[in-house]
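Scrolling down, you'll hit the structures one after another.
Below, chain A partners chain B and then partners chain C, in two separate complexes.
Let's look at the complex of A and B:
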């Protein structure tokens, strides 16, 4: 219990710190949003219009600390303001257009990558020196070390553009509107194969290697030898004794990755024109869209903190040593 | 490029028109996407489910976004294309190619003899898309809506600098009273898109109104489909122009980046696009020579080399001219711009103002063709003595400067690299220094630079350009943020001429004044013009015809030009011919 309380206290401080950084960091970037937006519409807007933009975005001239407290109270009320790069859409509306697709793409590829990578890691290490163990890790690391953008573009070009097996873009067919119909679900799945598939392909190697490393160390432990001496089934030793213990570091990594899912898979989204938060974040940063940046960063940091909290709690269940201390 | 790919990609991914064309060049350097597209495509096996519906809707590639947000508010910047001049309509459509305003919601207009009152006749028989008639009262309402006293932050507000009141004297007559004489306000006033009073008077906060179901007069007002990655804009069933538009509507798939846009354009999926495409003959036209066409007239704003005229020796016009003489503009146009444009002349005006140009001023601006010997002589004469490879100022400091550019805008970067090499021959060191766009912009705006490449201001007449280059009105001291006149140059004679220009509505007189302004520019070289910017436009005649082109230049092909409204009237499906 004390462990949990201590962790909760830590999370409260971390949340406040991230809220604060969230406010000050974007404002330390050089330039001002109205000039950047004006530049985007150069040739269509008169230079005199910059003044109107300045007023529209409501950028305050108050002392920065006053602005900071206004920001804190607004955030506590759940008010993130209006986006500047998609003015006058509220930040929450902007995020809503990509959130569920980022969760779908990120979630599916993370879980698939984690499950497949770890399973391969466990099996490979259990049969050390086997064909699986000697070929798979180097091969996957090789694939994983390709620049992702290159790999994804190649996949898109060959499989979608030349062969036409998969759609060229988007999360579902342009001819369908989101609904729970079979057609729509099918369309979503077909559109998900390439984006998620390429992410899984490059991420498996990392999970596999992590698992393999701890698994090797675990297999050398006395309790494994003891379990074998007791005559337990290979299967039981592999999963309940070795894999369960070896999994701990990867669980931490999974928690981290889970939080970062909300950051969006920027390159995947761009290559496959997949709607998501990664690209929104980039647009926000490039346009000095403070409110949107704050909204997205806040969501990401809270997701990371939340995921870590869950991992911490999970540790209590998985690792008896934590419970004891 | 190698491992730089992800960063390069990030540099290329802004959802922005401005950067799109520059950024796309990065794709060429990336060595994958564009050459791959150049390869022959066998039968275009597009995923059947997503193939565009042939002959129904025109696919337009204009805005770069990963997801669409429903906003048709013409008073905000980030509304969906074509909220202005498409869904909503202006009083008149300014055509840069002819220099004339095409009557639209207004049928005729005239200034009073003292140029203080502009009276416009409003077209009869125009209906809002909800069936109500459009009158001069809607016009007066629109202008009063964005009046700063009534609502702050709406686009158009700047017009109230010179407007005093806007009223409807009857249903067909709108009267614009000016607070001071500013005849160029005509172009702003006529270009304003009009909104219905009976709808917008109910809107509590027009600035934050997203106007999701626009009531408008334009050719396209119906939105039957709106999803986060795709939307359609269909024609207005009650449009006032008989038999127009001739197409059913427009469709907009979301493309988040340049590569995706290029994929779709070169693949023939986009019927109308305003993309920069490198090496277009090979990457686009060759894909389908019969149907794929482009037109890049050099009518955009002139790209300039700015020297900070508050810093010695750049306060000396002869030094500025010498630097200009050192630059090989032909090479810049060929290498950095794929020969899409040509060197600027000494007036700095783009091709849009060809018939405004004064031959005397063009001749006086003889400092735009490379002549290294003459440049060196002028620099010697200015007291900048060469010591080894580098020249020195009279006080002994070396002529060694940063040449600022936006990192990732590859055409500008490549132009700067050529300039840097050219200046080396003059004994001046110019190190190309790339900044992220906001940082670059902050430097030019506050005058915190010595040399920088940059854009200039365009407009309906040469007035905007010369005001941005030489006027005290647009001048800000070093340290203060200037929207134009980054080089900080003022000229009392130019001020006077600009005032005269804006005080007359007689075009012959304006042309005469413009000739004098050109002469001042050519004699003083306040900044160094490099090349007029091309305006990008591509179209495919596979499904639709009627697009403007070099052979039929009735309007600009650029999707963002106000003349898009003229183009929308002319488009028709191939089958209907």
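Let's look at the complex of A and C:
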């Protein structure tokens, strides 16, 4: 319990630090928005117009710490300002629409890649030198080494464009509107296969190799031999003794990956025109939509923190040694 | 019924195998001409090279030697827990006449622990760090006997009482126990199925001297109460002399001397055994400068010709470098593989 409280304290500090950085970093850059705007209009702006723009963008001459305070209270209220590219929608609304698609795509592909990769890693290492163990790792690493966008584009071109097996773009058919009907769910799933499948395909190798490495180290432990000497069944040793211990370092990696899910699989979403956060971020950058960018960055930071917190808590369940120290 | 082991001309005397194989004294475990090799890029490492011995019911057989002499490899060969690159390349291991090397995986799973259990050298590493010690006892019991979990747990409580740990600690994880407690927990696991034989591979090496005493005393008591046989492996000869009935001294994968414990202590014959004896300080008596054994154990990919101990032996003669000494009986019950002693009779 004390461990959990300590972790929570740590995360509160980290969250505050990231908020603060998010505020100060842009303001430490040389120049200021006003002069940039002024320059863009080649100086042909009247003072009232400048004033109007300042009003619209919420620029103020307040002392920086007062601004910082205003920023903090706004963030705590969940007010990230208005998006410029989707004016006048609030940033939070824009993010909310992208969030669910990113969660779906990122979550499904991460969990699938993790489970399949680790399972193959455990089974392969258990029968070390078997056909599975000697062919899969190099093959998957080979596939994983291709630039993702190239592989994704290739898949899109061959399977969707040439063969027409999968839809070309978007998260669901344009002819449907979101609902909980069977048609809609089906359409979402079909649209999900290619983006998620390509991500899983390139990520499996990493998980497999990670698992294989820790499994090999774990299998050399005395407690594995002891379990074997005790006459336990192979299954029991493989899962409760070997894989159970070998999984721990991979859980940490899973946490990191989980955090970055919300960053949006940028390339995936761009290639498949999938309306998630990554796609939004690209749009935001293209349109110089600073409020949206700031909101997204903050969101990503918080997601990483949140995911790490979850992993920390999970670790308490999985590794008794953490509880004690 | 156990067939008499083939008396092919191995490097080791067949006389070592127990002569009285009938009645209560029929050997529990027979190891005959066991060979184990570790395959290495430089060639096979002959870790165990033609070792034979027997253990009778209730007997404690001590196995001593330097690190790397093949002691632990023998232990793992008996339970067949050797993994590549270690391979059993020859010989026979029989338990109650049953050929262990011919067992199927299922037979092995049943044989392990029910017939022979083992206390590992380092208890910290022998216990699964993410499982409570109680669960580790219970899963051992349930792997061999069908019973409700509750009864297995009751047995675990009983076992903890036997080895003198508060049964409340059954819910503890290994890292929450002290070194001595962990070793007791491992002993409790070894006792779980009441096996007729136990292998103890340096059971007290990782512990401090006081705890060592306690644990050894406890093993002694348990042995008298439960009557199991022990194959006791250590490099601590003084401990062994006190504790075993017979002692086998190993050097470079071979048994070089084999005799009753008292006899080894009073009358060590092999120069290597003598060296081992003088490597330990006596607790009482005059201060004597310890001599130890000069040199290092040989490279087992290409062991020395003739007597393997000759490069380190102070009494080496030219003939010893060429002729391999056979293990032979020089006085009744005392076997030694050394050219310095003529065969009995």
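FYI, the second predicted complex is superposed on the first by the 282 of 325 C-alpha atoms of A that agree within 3 Å, B and C clash if a C-alpha of one lies under 4 Å from a C-alpha of the other, contacts with A are read in each partner's own complex, and residues count from 1 in each chain.
Keep this in mind: contacts are C-beta pairs under 8 Å (C-beta built on N, C-alpha and C of every residue); 3 or more make two chains touch, one makes a residue touch a chain.
All figures in this text were calculated on a predicted structure; none of them were measured in a lab.
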What's your read, chain B or chain C touching more residues of chain A? B
Could you look at A:51 and tell me whether it touches chain B, chain C, both or neither (first, second, both, neither)? first
Could you say whether A:320 touches chain B, chain C, both of them, or neither, answering first, second, both or neither? second
Which partner chains sit in contact with A:297 here, chain B, chain C, both or neither? Use first/second/both/neither. neither
Return first, second, both or neither, reflecting whether A:114 touches chain B, chain C, both chains, or no partner chain. neither
When the two structures are overlaid on chain A, which partner does A:229 contact: first (chain B), second (chain C), both, or neither? second
After the superposition on A, what does A:254 contact: first (chain B), second (chain C), both or neither? neither
Touching A:240, do we find chain B (first), chain C (second), both, or neither? second
Touched partner set for A:221, first chain B, second chain C, both or neither: second
Could you tell me which stretches of chain A are touched by chain B in one complex and by chain C in the other? none
Can you list the residues on chain A that touch chain B in the complex? 29-32, 35-53, 55-58, 82, 85-89, 93-94, 97-98, 101, 147-150, 153-154, 157, 160-164, 166-175, 177-178, 187, 190, 266-267, 269-271, 273-276, 279-280, 282-283, 286-288
Using the touch definition from the top, list the residues of chain B that touch chain A in their complex. 3, 5-6, 9-10, 13-19, 32-33, 36, 41-42, 45-50, 66-69, 71, 73, 76-78, 152-158, 161, 188, 207-210, 225, 227-230, 251, 253-257, 259-260, 263-264, 267, 300-301, 436-439, 441-442, 445, 455, 457-459, 464, 468, 474, 481, 483-484, 560
Where on chain C does chain A make contact in their complex? 76, 79, 81, 83, 105, 108-114, 117-118, 120-122, 125-132, 139-140, 143-144, 173, 175-176, 186, 189
What residues on chain A touch chain C, complex-wise? 221-223, 225-234, 236, 240-241, 244-245, 248, 318-321, 324
